[in-house]
């Protein structure tokens, strides 16, 4: 289907550098490799190659969820996709599941979870900071998901939902949510908590009554990127050494 | 909703050990912690606690996709969930996407992908070995997904589908599929390849014409599990050191 | 120099399996690959190939410190060489340096340190358990180092030495030694502590007054072994995930 | 012993930042925290606290080998101490051992090895580039080791020494030295090779005849640094992901 005004498009240069924009928003894109005339994209199919006045090529594609998450405005400590996807690996999160999340932050995890449970599932996100709630709503609406609700409430005070499949926390004091999460979850449902420091993890464990929870586990997910070149193959010299600890528990 | 005959149930003991079975299939489950009377489970709700004749408790839950993948019959080198989920992290795979996969193996990755793109997406899996195709079909049907097709064809000979979002390979010679994948993929679609050895990766790279592909990258995903005990917190002594290299490329 | 009665020798089979013994101790070595006649080794040079009655070959070599450490009787949680050598990497430990160590355990770290500071340096090791002190002395004397002293005293009660270059701890409560170590060390000298759990590390940090110590740091040393075969190259599937945290501080 | 003119001293500020200089070389040290009057250091003992005109404190210490290696002029890809020390962990290198090394580079590994085998051992380093040989000699003499020789010869052409305990290589084509190393080594002696890329490792393996070598192994040594703060404990966000592969083999 050809691109039309209002479509969100992704422009990728020869090195893989990406630009995301909405067609019709502006007429040109200024890059280090020259100016792209955006008006010529309308009516073209994905894969169209736009050529700058410096004769450099940009492929014009439809952005995926990942492109959007990379390009949308985020908070500095947003949970990364390498970590977020481990939620699916541990809980089997899929279409139709009901999720409670806190805090919403920039909405990156919310968007990831809402997409994972779409079309029939729903994510309710608790957030007390208005600036975060507004940013998240802008990001979620911008991508076009609708299966979410932002509650401007403090999850430390309780969770209103019941029969929930997953409670996902990215909070400084996850141990204060354990009891609420247990009440909100269905039997067999999962608690997930992301914590940058190990002390947050140990406090969470102290709050988890082993008569009420099983499959209590904490992992780190470390991705190691490789350079594969004519001159040889090796892991990249610099690496993201740590983002956070991923803790899981399951309601008996 | 109470359990009824034919339902698949998960029994979890106090240590987290899991048993999966279909209600009505048999009357008792013999475990190291005594015999569970399965007939009393029908009519009970998830979370019901079955007590063995040795007075040990088993929580009765509805299995998730992850429980099912853990318990179904698998081949020894089945791609793990920690790795499979990185496909979502890199490609944004979600409801409605169209996937081609090879080889099907025991169907674990097929099931994961089919669930990720459900309800509106579809997975077509190429497999030349009848034993694998049959095992996979049994596993996929057993879980209840229907949005998949198994083609008893050799993907090295070509891909029949077009306008595909993802070509996912778990094959010894992924470089022999590169050209077919490029033809089958839509612009902006992704190629994924899982390889245990680095030589498979370098051969794949040699086959990827950089005029046709962008975002060519290879990662390892290493998960590190923690012990959090009264006596102290530490990563587990033994760890899964390597499963495979995850390579990605995107059609321009 | 040819082997003579009383020499310690290393026998290595074709797969790298090693046997260590003293010549004259016994006449034969029984292995899965047959019986080695040890009497024919006397008078031969290192590199001599002993052939079993099953026609398998064993190279006869002089054992190194590493061979000896691998083969001597050890406690289960002995600090590993990959970790011990990081002491040298951080402190520059070398000939002539004076070391205090606790506890001695099986003497593996003592032997490593005594060898590192030989011939002019000295290691004093504090140990309150007689069984450990005796095992360590046997191991140290067996290798032939003499530049060490075992003190059957509790290091938590104090350190008698002064002007020390390195205090090396492998103890459950290293934080109880911090003040003693500061007194014993020369200015610019180093404290090293090995701890399996992170809580031991954080307690150590709490005990380190930053007006008295600089270069306070904690690392893990992870070694990843590779398989390089005709069929391909990859990290080993199973890996030692964690031994302990290595903490260092330097007296101002 | 008090510091005197000509002594090399280490100045460490409150944050651990280090300066190394020779007393008498200049009269003042200008830092971001003010000017240190170096003339007042002579006659003082290690541990003396020099105060800048901005009232900031610098501890004056005797530099260790590690301080010297950190501060001396190095080439960009100098082998790191975390890796170099694994040579000791694998070979038991210690006083009296005889080493052949190539190439010398900036002499960092030479200095490390010469210190490890001091006082009775010796390191011979092959280097064809005059600029490297000169830099290395300056660095080695500057530290004060004398148990080394730099040969301005190409090790690819052969090794003149015999009965060697260790051949240590940091070269692009280590496989070209395998045969020479075998000739030079004593039985039971070790070959070590440092390579940034995996292809160099596989080529080295191809050159190692398993009838001549045992204990052939390749590792990576990854050190993970921790932040231990009031606000919590965690691995550092950024990490050195890869330096090189460390390969070892032992002459039968």
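By written order: A, B, C and D. Residues from 1 in each chain.
Assume contacts are C-beta pairs under 8 Å (C-beta built on N, C-alpha and C of every residue); 3 or more make two chains touch, one makes a residue touch a chain.
If you're wondering where the values come from, they're calculated on a predicted model, not measured in any experiment.
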{"item": "Counterpart interface for C-D, drawn from A-B, A-D or B-C and sharing over half of its contact pairs", "value": "A-B"}
{"item": "Same or different residue numbers at the subunit A/subunit B copy interface, by half rule", "value": "same"}
{"item": "Whole-Å separation of chain centres (CA-atom averages), subunit B against subunit C", "value": "44"}
{"item": "Separation of subunit A from subunit C, taking each centre as the mean of its C-alpha atoms, in whole Å", "value": "47"}
{"item": "Whole-Å separation of chain centres (CA-atom averages), subunit A against subunit B", "value": "21"}
{"item": "Contacts with two or more other chains, residues of subunit A listed in rising order", "value": "198-199, 202, 224-225, 233, 235"}
{"item": "Residues of subunit B that touch subunit A when the two form their complex", "value": "10, 12, 14, 16, 45-47, 49, 59, 61-62, 64-69, 81-82, 84-86, 88-92, 94-95, 115-116, 118-120, 186-188, 198, 201-202, 205, 210, 214-226, 228, 233, 245, 250-252"}
{"item": "Residues of subunit D that touch subunit A when the two form their complex", "value": "196-200, 224-225, 231-244"}
